[in-house]
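Each of the next two complexes has subunit A plus one more chain, namely subunit B in the first and subunit C in the second.
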Partner chain A sequence: MLKVEGLTVRADGVELVHDVSFSLAPGERVGLIGESGSGKSLTALSLMGLLPEGVTATGRARLGGDDLLGVPESRLKGLRGSRMSMVFQEPMTALNPLMRVGAQVAEVMTLHGRPRGEARERAVELLDRVRLPEPARLARAYPHQLSGGQRQRVMLAIALANGPGLLICDEPTTALDVTVQKQMLDLISEVAPALLFITHDLAVVASMCERVLVMYGGRVVESGPLREVFTRPRHRYTQGLLAASRLTPRGTRLPVIEGSVPAAGHFPGGCVFRNRCPHATPTCETEPQLTEPQLTDPAPGDPAPGDPAPGDPAPGEPTPGEPTPTGDRHAFACWHPAE
Partner chain B sequence: MTPPNPGPAGAAAPYLVKRVAVLLASTAVAAVAVFAFMALLPGDPAEIALGVNATPEAVAELRRQFGTDRPPAVRFLDWFGGLLQGDFGTSYVTSAPIGPQIADRLGVTVVLVAGGMAVALALAVPLGTFAAVHHRNPLGAAISAVSQIGIAVPAFLAGILLVFVFAVRAQALPSGGYVPLADGPGEWLRHLLMPWLSLGLVQGAVLTRYVRSAVLDVMREDYLRTARAKGRGSTGALWRHGLRNASIPVVTVLGLQLATLLIGAVVVERVFVLPGLGDLLLSGVAGRDLLLVQGVVMVLVAAVLLINFVVDVAYHLLDPRLR
Partner chain C sequence: MPSHAGTPPNDGPLIEVRGVSRVYRRPRSSFGRQGGVVHALRDVSLTVQRGERHGIVGESGSGKSTLLRLLCALDQPTAGSIRFDGREITGRPERALRFLRENLQIVFQDPMSSLDPRMRVRDLVAEPLVGLGLPVGNRVAELLDAVGLPAGAAGRYPHQFSGGQRQRIAIARALAPRPAVLVADEPVSALDVSVRGQILNLLADLVDELGLTLVFVSHDLSVVRHVCETVTVMSAGEIVESGPVDDVWAAPAHPYTQALLRAVPTLEGLL
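Presenting the complex of A and B:
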């Protein structure tokens, strides 16, 4: 349904996202994880055509039969809010402070051709659907009269209003209280059609998604089914990320990834992670491709196309394999993956 | 959850009552201030009227006639009581009632200021918005630069330049004077065009910069991105969600500018020989007509207070967060 190939995002000649490819099947839930500055949000915004001024995306992205990249806004307008929608990180500022909540929900429906009266009625139903109390009354409230969690529910109602095939959530719970987060996540997983869920919270992604893409330095460094990636991370970055999020016994030092994320444009050539990677070798100066290693057991009944023979590549050697544009199976871009 | 209070009527009525009370109270305080200030000025109206050679008896007699021999508090209450009934008293110099003169002149000044403001708004809103939307290209930058120059020009200078170009050189418009609307709308308009422009161009330049920065701020707001995510184009999002939000800071400036315009009108009326309040004020000062000056100043002060009141109410209508 959504197919992204070679998505590259640039600002002032600096590549912020490099050659990202993935796809989403109808109803599928994919998590996009990584630290701040890894390019997750830009990836999502470029699909919506909402990149900030001066930032441009190239590559190919198709939603169903429609191109999302390199098309004029007049064409994208028809898709945004109807076939794909997005919930943003910051609910406090995402709603127009001067407009009643119900009108803001109704707006997305009238924009896509629903009559005004009908849109108003349905707005109340939607507020009810996202479990806001007294929806009819709340529809007449202004955003400042709602809590952050309630406002995020309103944003979700707006996103769902036209029954989109794809919902993109960019850290939808990061700004919310922990107690509210859980309810919000449950609600999203209950109502979402296909979901692209962006977060830096690994526990959240584990509860929401079937598949993950791990981003670092504007690249997808590892991808695959959630279970496999989380139980057996191959890329050293993913490994570090998981180690850092694991609960450690009292008194022991928290495991960390040494160093910090470089500023955009200051990542090393070759493997972008090599300046922080404890396993880096001169090989890493060559850029590793995101490949499906053949030693990964293919899921039963899902034989790897074109290569039935699983062989063990020697450790420390480049892993051969076809570059994977879809990321359906476990893939990673690392010259010396973790076993 | 705090129950939302969506009804606008619930909070608006007490608010309005409170604001009106504040307006009346501040007007009363302003009246005290204006009266006290005028009373402190040296110069006795009776002495002024009779000249330096008058006998003390004659001066005392005239003081009694004017009522200026009474204690200040009594005179204030007399004057303020009159004001409340629309009676501004009688001029010590011309013996003419002051109220009708002010009423006469007020109309001209209001028309002048309103026209000037309209010119300023008609210029600033489109230009400022355009400059914000195109802030990255040369035309937008050019608008900012030109408005910067406009700010540096005082209204009376703009007026003199306009007179030079349109009246002296092109001979297209009269250089001054006033024709009442009743005597012909065409002539009325021809006589007001240049005064409006000289007030409006300068204020418009100032306002353009405020509109530009307000729109720029709003363009960076998350809710505009939300509007685009809903399927609005960037222009549509700005129209539907941006302009009303941007108008809030602009209204603040507008209120301040109206007060400035009122003062600017005093000078511009001189330049264009318009029979407005400013003209009346200046001739009152020149003729030492203290009570007339007092009345005009009071009207100007009250007008500024009224403008502030209107700005406050406008905020309230624009921004539900204040309700």
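Presenting the complex of A and C:
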């Protein structure tokens, strides 16, 4: 239903997102993970047509039969909030402080042509669906009168109002307490149609998604079924992220990724991770392509593993050597993958 | 590092909180709640021994930030007493709190908002010394080295650093007056997971090397378990559970702690 090919985002001649490709089937839940500055939010914003002034996206993205890139705002307006919608990280800045929350939920429906009275009734139903207590009464409240968790539920009600086929969530629970986060994640799992879930929290993505894309330096460096990527990471960046996510016993050193994420435009050429990678060699000055390991081994002279992990989907028939970035199988872009 | 001169010998606990309450007046009623008074803290007591690494866990509204403000004498309790190294800190004017300011320093959650963007790192790190009238000397270079920043960092501004590096600057500044206690308020919550380990490793090293007492506030019990030996769990302004962190982790006694542990997603549990 969503197909993204060669998405590239630029600002002032600096490439912020480079050649990102993936697809999302109806009902599928895909996680987009990476650190701040990896380009995951820009990827989502370009799909929604919400890039800031001066930032442009090229490539191809289709939602069902509609193009999302390079089309006029008037066309996107009809899709945004209706066929696809987005829940942002900070509900306090995303909601209008001067408007009652019920009216904000109703607005997204009247904007897409629903009669006012009907929209108002349906708004209360939606607030009930996201499990807000006393929805009729709460519809009359202003955002500041709600807790952070309640506000994020209102955001979700707005996102779901027109029955979208695709829901994009950008760090929807980062600002919430853990117990509230749990409730919110359970709710999103329950109500989301197809889901593109952006987070820096690997444990959260593991609880939500079936498939995952790992981004670093504006590129997808590894992708595949979540379980496989997380139990057998191949890219050294993914491996480092997973190691850093596990808290070792007290008194021991925590594993870290040395250094920090470079500023936009300051990533090294070739493999974007090579200046922080403990395994980097001169080979890494050449850019590795995102490929599936079973068919094409990127490390020359290294025997192809060819032993699909248990639960691996049946191998397809892509041409060896050709990047298969939109495939559902485990792919990575690394010259010295972890075994 | 030199010992903490000026700290009188005292074998009792370093921080002793007894029956502390803090009541705020709510200006007006809010949706779904009654207006009136808010009991931010109710009859809270806790003890931190010298050299202890003490974690305080709770969610927003649990009162952990109020408790921190009281520990740092940035606010006054409505009732109860707080003693630091045997000396009462409540009800004292600022000029009588020098012993506390020299010996207790804090690292905040968001290094972007806790560092003045118009000050150079050199001045940011030296500020606590200048404020207390202590000699600066080459202390800034010493501190930058201790937190793993290059000496050249001194002449730069906070915005020129990444989140993790800014938190290193904040730690260097907190250590400047050679405090006995470091209070860290969610020091890694705003950081990416790859950098979180760097900062937690650094804190652990500094606490060991300098023999610091650490009060570590977090919403994440698993981070507290990595850092601290003892933990106090707070909910709705009260302490619901406290003790050795491994015991609380293995067998949480209070329903709130149990719910908190269940809610934390862990990779181990999911894969």
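In this text, the second predicted complex is superposed on the first by the 312 of 339 C-alpha atoms of A that agree within 3 Å, B and C clash if a C-alpha of one lies under 4 Å from a C-alpha of the other, contacts with A are read in each partner's own complex, and residues count from 1 in each chain.
In this text, a residue touches a chain if its C-beta (ideal position, glycine included) is under 8 Å from a C-beta of that chain, and two chains touch if they have at least 3 such contacts.
Remember, predicted model here, so these are calculated numbers, not experimental data.
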Using the superposition on chain A described above, determine whether A:Ser82 touches subunit B (first), subunit C (second), both, or neither. first
Which superposed partner A:His200 touches (first subunit B, second subunit C, both, neither): second
Check whether A:Gly240 is in contact with subunit B, with subunit C, with both or with neither, and answer first, second, both or neither. second
Touch test for A:Val108: subunit B only (first), subunit C only (second), both, or neither? first
Tell me which partner A:Ala333 touches in the superposition: subunit B (first), subunit C (second), both or neither. neither
First (subunit B), second (subunit C), both or neither: which does A:Leu50 touch? first
Report for A:Arg250: first if it touches subunit B alone, second if subunit C alone, otherwise both or neither. second
Answer with first, second, both or neither: which of subunit B and subunit C does A:Gly148 touch in the superposed model? second
Intersection of subunit A residues contacting subunit B with those contacting subunit C? 133, 138, 141-142, 145-146
Within their complex, state which residues of subunit A touch subunit B. 48, 50, 53-54, 73-74, 77-82, 85-86, 88, 90, 93-100, 107-108, 111-112, 133, 137-138, 140-142, 144-147, 150, 155, 158
Which residues, counting only subunit C, touch subunit A once they are in their complex? 30-32, 59-60, 162-165, 192-198, 200-201, 219-220, 222-223, 225-229, 245, 259-260, 262-268, 270-271
Which residues of subunit A touch subunit C in the complex? 35-36, 133-134, 138, 141-142, 145-146, 148, 177-182, 185, 200-204, 206-207, 227, 230-231, 240-242, 244-250, 253-257, 260-261
Which stretch or stretches of subunit B touch subunit A in the complex? 1-2, 4-7, 136, 221-223, 225-234, 240-241, 244-245, 318-321
